[in-house]
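The two complexes that follow have chain A in common; it is paired with chain B in the first and with chain C in the second.
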Partner chain A sequence: MTFIDLIRKNLFRKKLRTILTVIAIFVAFLIFGVLATFQNALNAGVEVAGADRLITTNRINFTLPMPIAYATRTASVSGVSRVAHAEWFGGYYQETRNFLVAFAIDPQNYLDIYREYLMPPAQRETFLRDKTSILVGKAVADQYGWKVGDRLPLKSNIYRQKNGSDTWDFTIAGIVSGDDARVDTNLVMFHYAYLADTRSFGDGTTGWMILKTTDAKENARVMREVDALFANSAFETETKTEQAFNKAFAEQLGDLGFIVTAVVGAAFVTILLIVGNTMMLTVRERTGEIAVMKTIGFTTKRIFALVIGESMLLAVFGGVLGIAMAWLASLALASAMSRFGPFAFSFDTALFAFALMALLGLFTGLLPALRAMNTDVVTALGRK
Partner chain B sequence: MIEPLIVIKGVGKRYMRGKQSVQIFDHLDMTIPRQDFVAIMGPSGSGKTTLLNMLGGIDSPSGGAIEFDGKRMDDLDESKLAAFRAGNVGFIFQFYNLMPMLTASQNVELPLLLTKLGPKARRERVKTALEIVGLSDRARHKPSELSGGQQQRVAIARAIVSDPKLLLCDEPTGDLDRETAGEILSMLQTLNRDLGKTIVMVTHDPEAARFAKRTLHLDKGHFSEKDFRQ
Partner chain C sequence: MNRLFTQIAAVTMMNLRSLPQRLWTSLATVVAIALVTGVLLAFLAMAHGFQATVAGTGAPDVAVVVRKGSESEINSILSREQVLLMQQAPGIAKAADGKPLMSAELYVIVDGLKKSSGTKANLPLRGLGPLAGDVRRGVRISAGRMFRPGTAELVVGRSVSKQFRGFELGQKIRLASQNWVVVGEFDAGGTVFESEIWADVALLQGLFQRGSTVQTMRLRMDGPQALAGLRAYSDGDPRLKLDIKSEVDYYARQSRSIGDLILYLGWPLAIAMSFGALAGALNTMFASVDARTREIATMRAIGFRGLPAFIGTMVESLLLAAAGGIVGAIGTYLLFDGLSAATLGSNFTQVVFSLQLSSDLVLQGLILALVIGVAGGVFPAWRAARVPLLAAFKEQ
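And then the complex of A and B:
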């Protein structure tokens, strides 16, 4: 027998009580794990945003268009090494509920700027060559079982073709993956030219521009100069860093950071009270036994360590189960939740969860451990 | 002349009951030689258990000095007293005070967790202790699966497993029938006679006191010696 065995045997002496407490901790960490993964998915765009990338949108609202000619003018600004533009297509596949993140892009420049999108060179070449081809992100390809060479009819909830059709036919040229798990591959990209040539309105306009700067230190100046270039025009612009743009985009859904913190915080305070109360009750019930242990020669420090060890083990046991279940849930939900971003359980979330387990164990065990430590042997033995 | 194991010099004990200070005894003197088996009797409230607690270092005197093996022990700090108890004293209680979630052998092993002995040495010590009390075949049983007498034997094994010089017994047969009590007291006699353990036993029962080498009566703060063996 070791001290760990002693802690374990103490913990499981009242199995039902321990199981109920473990379930409470399990639920708290499950909620934490799933919400943190959800938040990570929404923040993925912010985290992988290039430091040397800027986004220019219409000043009034980023959903409004700007002239395509702006791209050429912007490219002449000192410190800008490359400019691409993109348009929101409002695409869906077969039915409106099969919503897709679909961009009409300036292919060569866009892929040169977004080097985190990986695909075989042959697929890239095919895409650049064929105006009616489309690149499909791995997440969405997996979801629908699409393969290279498949014909893909996409509808738009914004545009109509000049011939009255709402459907654009594409051929899948490539499947795009990311160079990092956080890169969102829940998207499709096709030639802006194909859209521009066929749509019934919006001639000469695009949605937004992506600017690659020669040095991130130049960002502030470039942002000022680009916006100054189009000041007092019919289409004034607003330029932000890509990180700021993505963050603002994610926050359209509300301040998820606050929501996650509030929900998890409420769950943890509740669990703290439940576990703390259970530990206090447990120690109170064992007052006589603690006195006997002290009589045998256990020091107050050892008694303290035994109680803290028990609360730690309880927190880790429930916490690890909760986090493991959150990880499984993230795998199961990855496909369904991919529209919000790459829904993957992160190592950082697991690390943070372990820190929370340690804090939970410490806080819930502290008062009972102090009480156990200060048990008066003579009084406790006298009561037995 | 046998060297004394315990020497009590002018020990007093008072405690507060509400706002009132109560004196249990004052200027108590006593010498317990090595390998002695002394029973302490006396009316309720005479301070028998308090004296036993002070001998075991779990209660402190209000005045005077207690020496164990030639060294003052009443002025040791908490951690030194814990080490003193772990190394020198075995406690046997009226209600056994075993850990309900541990088996008999694990209960016996408990004091050895405080030593530097390895798992193998600890197992051997536990085995020997359980053999001494005749419970080798109950090693894997939990206290709830043992009779009162068997539980007290486990408690005795726990008390002797770290080979202490002194055994302190507080009404060790108070919760047992006459026959089982006789077995337990005979066992204490054997431990005293064959293993040389010094035993101090508090009891209300003159029959139990007969098993001791001598009996001290504590009443109104003073000792008087009686012989119940005849």
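And then the complex of A and C:
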């Protein structure tokens, strides 16, 4: 019987107890996996933000408009290689609860800057050519079952058409996917010109601009110069890196990072107690046989390894099951959670989970292992 | 029957007296259950606090008028003509001088610096007309005074100065390309209004290039029953494509989405964690029964029945669970009750609220703890009740 066999046999001596302990570990890792994925979804915007991309908004607040003419003037600032603009449409499909992230964009420039949006070249061509067409993100298309070529009537909770209608009719030109699982495809994009020509108010304004700089090193200077350009006008601007903008945006929701950390922390303190307690119980029950093992020549090191090995095996067994379940759960929840961002289980989360398993195994095994190691043969056998 | 009770009492006491022998494992169970209860209660307190703030806003006899389809004030726009037409609607209460009690308001978003994170967040800046105070009852200036119409003065809700930097009384602040002075702070009974900044509507119309348009109207009605008349009046005029709701109804709708979201996160998390704590409780209780096998068997041998052993174990388990539940509830109360938090509400602006525990919520937490106690006790108790007599003679 090898050393590993011995650990395995020990582990399953009290089957019910082991199974219960594994369940506790499983639950903690499941919670960790799902919440880490949730947090990644919220932070995805910060992570995929381009280092050479800046966002210029109205200085008062990013929900307020700015003149469309700003785009041309900004493009002439040195260090700016491309400028696109976009506007929030407040769109929904049929009913207000089917709320959509809908942007009216400056098509060519926008798609040139956001290279992470992928679609077949033919679809891209169709979109650029047809002013009343719309690009639909994969997450949205999946949710509603929309296909290329479908007619798509959208309403706005902000705008009205000049003719009094509250509905804009679009044709789906393409389905957009991301070049990375973290790219958020929960959005639809259409031609700014279509909105500008038909809406009853908002003439000559757009929402914000996206600037691509020639080099990220130029960012600070470009930000200063662009804002200086529009200082003391009726529409002052504020330019930030895309990353800083997305971070501030995510933080508006509240300190979700703290909530996630607190819950995961509580779950892990719980299993630390439960598993540590179980291991202690186990070692206490085996005092006699540990003494025997020592007598027949097991070194204290081996005894130590035997107990730590058992707690490690427990942690890894429960942990791997929990993480596997979290991965499955993230697949199942992806579409329901898409409004928070791309809900994709990441490799980093799995890596971090393995580190947690190792720590858990170590901490829960340490005290019992020391106790086993220090078992006094004479007293232990005598007590029996 | 009487004897059975004596037996039950005796065995239960023995169980409980032996608890100190299993101090650490019992404590681990108590802490695990306390953490589960604590997590559940923290989420419930968050949902409850948010809902109490938002759903507690508004009066039943005040009507909120927005453009049809805009859902919230921030997306709405009303022309001067629409405002004038609505003033003539039936069922609007009148001031002493005969003027209809109505307030045409602007609702724009400005940046505030959150004290907690140091980042900018959306704050609502509301432009109010002269009659706003008569339309909205239940708001009073708690410090300083009201702004004077036509001047760059602000009054802020109590929550704003609590959560955001630079809004203390007397402070100068730059908002919307304009220097302002904070001249007053108002108390709105813990409602959403306390997360708002108020200023003169005419001044804001100029600053935000709104001409004579406003975003929303509030009308004080003769009574809640006047709402139907207002709607009929608006529907009958093609120039008025408006959504009219009572203020209570308007805010009740807004409270649902986020309040529900917090509940949908809190319950599944707490239930998942319960399974972990349950596993721990079962381990502890099985160990407890194992440790007392000889004792239980001996008692069976001298004529005790199985039921007392069952009940004794159940009581031990329930007691540990109840202790966990109570510790969890007290911990949540000390750490989180009254804690001020802010999140993005339906108007795309920050809503400041406090976490609120209530006896009803604590009860839900204790029930969850006791359910863990019952489930964690019943199988070990069953084993205890069926300990064979022979176990009394087994070596331990």
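In this text, the second predicted complex is superposed on the first by the 384 of 384 C-alpha atoms of A that agree within 3 Å, B and C clash if a C-alpha of one lies under 4 Å from a C-alpha of the other, contacts with A are read in each partner's own complex, and residues count from 1 in each chain.
Convention: a contact is a pair of C-beta atoms (placed from the backbone, for glycine too) under 8 Å apart; a residue touches a chain by one contact, two chains touch by 3 or more.
Owing to the predicted nature of the structure, the values given are computational and were not obtained by experimental measurement.
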> For A:K9, is the partner it touches chain B (first), chain C (second), both, or none of the two (neither)?
Replying inline: first
>> Residues of chain A touched by chain B versus by chain C: which partner has the larger set?
In response: C
> Does chain B (first) or chain C (second) touch A:S311, or do both, or does neither?
Replying inline: neither
>> Contacts for A:T300 in the overlay, against chain B (first) and chain C (second): which applies, first, second, both or neither?
In response: first
> For A:T287, is the partner it touches chain B (first), chain C (second), both, or none of the two (neither)?
Replying inline: neither
> Should A:A248 be classified as contacting the first partner (chain B), the second (chain C), both, or neither?
Replying inline: second
> What is the contact status of A:A28 with respect to chain B (first) and chain C (second): first, second, both, or neither?
Replying inline: second
>> With both complexes overlaid on chain A, does A:V269 touch chain B (first), chain C (second), both or neither?
In response: second
> Mind pulling up the chain B residues that touch chain A in the complex?
Replying inline: 49-50, 53, 56, 58-59, 78-79, 82-83, 85-87, 91, 93, 95, 97, 99-102, 106, 109-111, 113-114, 158
> Can you list the residues on chain A that touch chain B in the complex?
Replying inline: 1-3, 5-6, 9-10, 12-13, 288-289, 292-302, 377-378, 381-382, 384
> Tell me, which parts of chain C touch chain A in their complex?
Replying inline: 24-25, 28, 31-32, 35-36, 38-39, 42, 68-72, 74-75, 77, 108-111, 114, 116-117, 119-122, 175-177, 208-209, 269, 272-273, 275-277, 279-280, 282-284, 286-287, 341-344, 348, 350
> Any idea which chain A residues touch chain C in the complex?
Replying inline: 16-17, 20-21, 23-25, 27-28, 30-31, 59-61, 63-64, 90, 96, 155-158, 166, 201, 234, 236, 247-248, 251-255, 262-263, 266-267, 269-271, 273-274, 276-278, 280-281
